[in-house]
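The structures considered in this document are given below.
Each of the next two complexes has chain A plus one more chain, namely chain B in the first and chain C in the second.
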Partner chain A sequence: MEIDTETVLKIARLSRIKINEGESADIQKDLNRIVEFVKKLGEIDIDGVDEFNFGKTNIEDMRKDSVTIYDNTDDILKNTKNKNQDFFTVPKIVE
Partner chain B sequence: MRREAKKKMNIEKSQLVKGAKNDFVFVIGLEVHAQVRSNSKLFSGASTEFGAEPNSNVSFIDAGMPGMLPVVNSFCIEQAVKTGLGINAEINLISRFDRKNYFYPDLPQGYQISQLYEPIVGKGIISIQTEEKLSKKVGIERIHLEQDAGKSIHDMDPTTSFVDLNRTGIALMEIVSKPEINSPFEAVEYIKKLRLIMRYLETCDGNMQEGSLRADVNVSVCEINTYQKFIETGDYDLLGTRCEIKNMNSLKFIQQAINFEARRQIKLKEAGKEIAQETRLYDPSKNQTRPLRSKEDAHDYRYFPCPDLLNIELKRGWVDKIRDDLPELPDQKIPRFINDFNITPYDAEVIIAEKATADFFEAIATNTDGKIAANLLINELFGRLNKDSLSFNENPTTVEQMRELINLIQKDEVSSKGAKEIFDHIWNSGGNPTDLVDKLGLRQVQDTSFIEQMVDDVIKENPAQVDKVKSNPKLIGWFVGQVMKKSGGKADPKIINKIVNEKLT
Partner chain C sequence: MSEVKLTQLGIKDSRDLLNKKEISATELTNAYIQNIEESSKLNAFIETTFDKALMQASKADKIIGTDSQKSLCGIPLGIKDLFCCKNVKTQAASDILENFIPPYESTVTQKLWNEQAIMLGKLNMDEFAMGSSNETSTYGPVINPWKSTGSHDSLTPGGSSGGSSAAVAANLCTGATGTDTGGSIRQPASFTGTVGLKPTYGRCSRWGIIAFASSFDQAGPITKNVTDSAIMLKAMSGFDPLDSTSAKIDVPDYEQELGKDIKGLRVGLAKEYSLQNGDSEANRKLEEAIKIFKNMGAEIVEVSLPHTEFALPTYYVLAPAEASSNLARYDGVRYGHRAKLDTNDSILELYEKTRSEGFGTEVKRRILIGTYVLSSGYYDAYYKRAQKVRSLIKNDFDEVFKKVDIILTPTTPTSAFPLGSKGTQDPVEMYMNDIFTVPANLAGLPAISLPVGLDELGLPLGVQLIGNNWQEPLLLNTAFNLENTLAFENNPKKWWA
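After this line comes the complex of A and B, so read on.
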């Protein structure tokens, strides 16, 4: 699968990442190199391997339903300048 | 597309919408989002408490901080399985979480962890009643688990929206029906039934005001002939283009939105126009739906299995144990109550509307008199709770008090009017009904010879009326009333009636 310019622009749009035309060519090149690299996995023979055969977890291994008090509102909001009282603020969402 | 032989179904009046030329059938499918009742979130230990201070129940996982890994809450899995069993659904022993990728301010991860390909619960059934009081089964397609998003608040500032992440990551069950709901009435019945089942199971509190139950409503309309064809073939492609009305949390608005949307689509069809498959919002102030700003690519969610989570494997024995431990559900409880306690279907339905009231009824009606118990519960207790705007768990009366009161009525020791007075007294200041009978002077006189004496007196005092009785048997009631008055309202009306009848007819 070759990633074309259109796909790069589409992914950027879906991710709300602004890229200008000059950048898109480089990004396209990088993405294609990544895809090419990952393609290596396709060489593994997975015939007859059930995708559910590994990586299973059962009830006993899961977390119990107990509450952790974090008391971390300041930490949660620390990385943004856009806050009001203890809320995050974003440009008005009008539907 | 599904092709299954379906049994012939009659289309009922309530399922039709009038067009200018033809009638159309409502075709409705619901996606109900039910917040799982749990202490902590689906993948983090943060509390699910409603109404906490903003951003105070947010773990670094919920906030989408890099490097944080989700860990499944086993109780949420159990709750989803329990809900599935409550609607007679298949439980999938292997299920899996997927990422649904989209960008939105209330979704800090940039994706919602959901279950697209391998949901935890498969096909099930919910029974409802149509507006014509016929019973009907609505198929459930699936239930999957997913994370709730944060909450955006739009009315606190003119230029910005406020985001609170407390809700982020709370477990939701998305319960997807087949498009087998055929009127706004049925849509509401379906949600009410689902909510009732989940409340009995204690898997979701069903509180629509707090947003713990919300629905996306899919609506299309279909001409009768085509719909008949659909019934015969089960071919969903016949049903026409649907529109999805998002995020409804009021039963009344759901009804109104469906009515508006069906009529809008019929107008388009009759004008020969295409209906666009789109997501719409219902505006209750205008009673209309409008399209969401068309978001290009909005439906490209790029789902893929969540690499942070392992597949969920359930053991058959574990599922069976949950099934064995399920409480008795409304569909079983109603016929049993009608049968065991000799009450009407209507009363049974009122009584089972909450598990707590059903349990209370059973406790007061067992080995007493079901009809008297139902009457007392519905007319007095529910009436009083309603009047004082109290919920059932604020009911001040006890099972013992109610059983005693029922016994007094059963043994004719108090009249129904007297019982009401005793009930009022218990409600306001407590007390023991047997003691109250005498304390309030409400013991019903059952002494036959004493009542007979009073009847004789009344007859003696009213010779003119006695003469008229023969031509006007309705006067018997007048005599009964006079005797009752003489006894200060304390004589047993059944005995008075009997004696008056014996003496005058």
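After this line comes the complex of A and C, so read on.
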């Protein structure tokens, strides 16, 4: 199996998803099943093939690089209970 | 006109009656509200906006017949929960967006309201559009209005736009928005006897649609028929400065294109898209579609898309990779769910506990696999390789479209399956559902699913037409011609009310 328990915990940490011990074995099994499935890609010769893209973006179609003022702070803060004045609150970050 | 008949009409027929003042928008909206109120067993609508709908209907009644009238005036629609709607709870059917109220409106829905459509509410879906059966929704699965002959089993309406497909099939709205990342419009349409269109990548703005895999995601309509699809697509399409991948090209009047002769049209049949069971009703229906095209003077051309077998593995590297990046924003800080913390917990615990509690199993699985294929040491073997294979798949289509105008395939390997019957032991079993739909997403091509009839179980079956980039007019007209000859009637027995 390509993905061992240590790798599961590593990618969970990178993903910022807490995994408890009970879940770990099932997740490992599922991830290995998916990896086994996508390993089929190894059968193709990709020498000289470019990575996919949708083509060039037309510079004239892009927005001007200008500042837009968005000031309905109240609407934004309606979506959280964790606020203090106009700020979001989080656990203490610096000692 | 009785209310049952009124809600069977769809977009074009409702529009025609509204224009003739034979019905009012308020009358039409009330008929749909009644149907929705009777439909709780289907679990299609997860949030209703009836007050808003009736206000919009009253306004529409004053506008109809005046110079101010727009293309969807007085037409009641359902909206997939992936579209942010200002001041309407929008959760992408996920706990992590618990009680999220967007302070802005998605471009596509804003365009629909600009055309004076009426909003009935939000429709159920797989969590973050990740699923093919609607079973990953935090609201529980939608139930397909269709049942197998002689059976009471609850069937999936498909996914991820299962609320949209079920609502249209059950006459809960004239049409609905969907989104399609790997088949999420076309597969549910196929399972419910409705018409589902995934436009060319870039045809509709993605702004305000909660992102899953940004290089695949496209919005599109699910409707009762092809004409309604054309009408709704026109309203949804167009360049948007807020989405740099939306295309700055003209939006044709798709409805005007319908009814044109398809004599001489070159229809491609790809051997890689054949059904496993040759002696099935699904195969016979496909043969019937081929015969219809031949009778109309179309030329049937055998073609090959040699990299088709690599499409699903490519998709299941790239889509989770993009999802793992897109879903990194859900951290519990600014909106949605926030985990209860212990006294000494740090900001890391805030992120990790929130995401662990807020995301469902399938979403976590895709974030983890996406993180893995992007992580140091594996990037080249998986992500980079898949991006190259994606080019090969696109090249296959480019070659085939030198020889044909349209490709005809089945939409799905089977008709709707019972809830709980797939993917419980093996996630890949569920992924196989998208085998015929994923390639069009990889190549960015437009594709439509329309019903061709019923199978041995009495369930709807769809066929898929894939067109070249920006060929929606041809795609819709071809589908329209096929639909006219097939004369499929979407009339599931009303067991839910």
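By our rule, the second predicted complex is superposed on the first by the 66 of 95 C-alpha atoms of A that agree within 3 Å, B and C clash if a C-alpha of one lies under 4 Å from a C-alpha of the other, contacts with A are read in each partner's own complex, and residues count from 1 in each chain.
Operating definition for what follows: a residue touches a chain if its C-beta (ideal position, glycine included) is under 8 Å from a C-beta of that chain, and two chains touch if they have at least 3 such contacts.
The model shown is predicted, which means the values in this text are computed figures rather than measured ones.
Shared-chain residue A:R16: touches chain B and chain C both.
Applying the stated contact rule after C-alpha superposition, one finds that A:Q85 touches chain B and leaves chain C untouched. Once the two complexes are laid over each other on the shared chain, residue contacts for A:I59 go to chain B alone; chain C is not touched. With both structures placed on the common chain, the touch criterion links A:I69 to chain B but leaves chain C unconnected.
One of chain B and chain C touches more residues of chain A, and that partner is C. By the document's definition of touching, both partners, chain B and chain C, reach A:I93. Of the two partner chains placed by the overlay, neither chain B nor chain C lies in contact with A:A25. In the superposed pair of complexes, A:G42 makes contact with chain C only, with no contact to chain B.
Common to the chain B and chain C interfaces on chain A are residues 10, 14-16, 52, 57-58, 62-63, 72, 76, 82, 88, 90-93.
Against chain C, the residues of chain A that register as touching in their complex are 3, 7-8, 10-12, 14-19, 27, 30-31, 33-35, 37-44, 46, 49-52, 54, 57-58, 61-63, 72, 75-76, 78-82, 88, 90-93.
Those residues of chain C that touch chain A in the shared complex are 99-101, 103, 201-202, 215, 239, 241-242, 244-245, 248, 307, 309-310, 312-314, 316-317, 324, 328, 331, 333-336, 338, 341, 345-353, 355-356, 359, 364-365, 367-369, 371-373, 375, 381-382, 384-392, 394, 426-428, 431, 442, 444. On the chain B side of its complex with chain A, the touching residues are 38-40, 44-47, 53-60, 63, 71-78, 94, 96, 101-103, 105, 110, 152-154, 156-165, 281, 292-293, 296-297, 300, 302, 310-315, 318. Interface residues of chain A, counted against chain B in their complex, comprise 10, 13-16, 52, 55-60, 62-73, 76-77, 82, 84-95.
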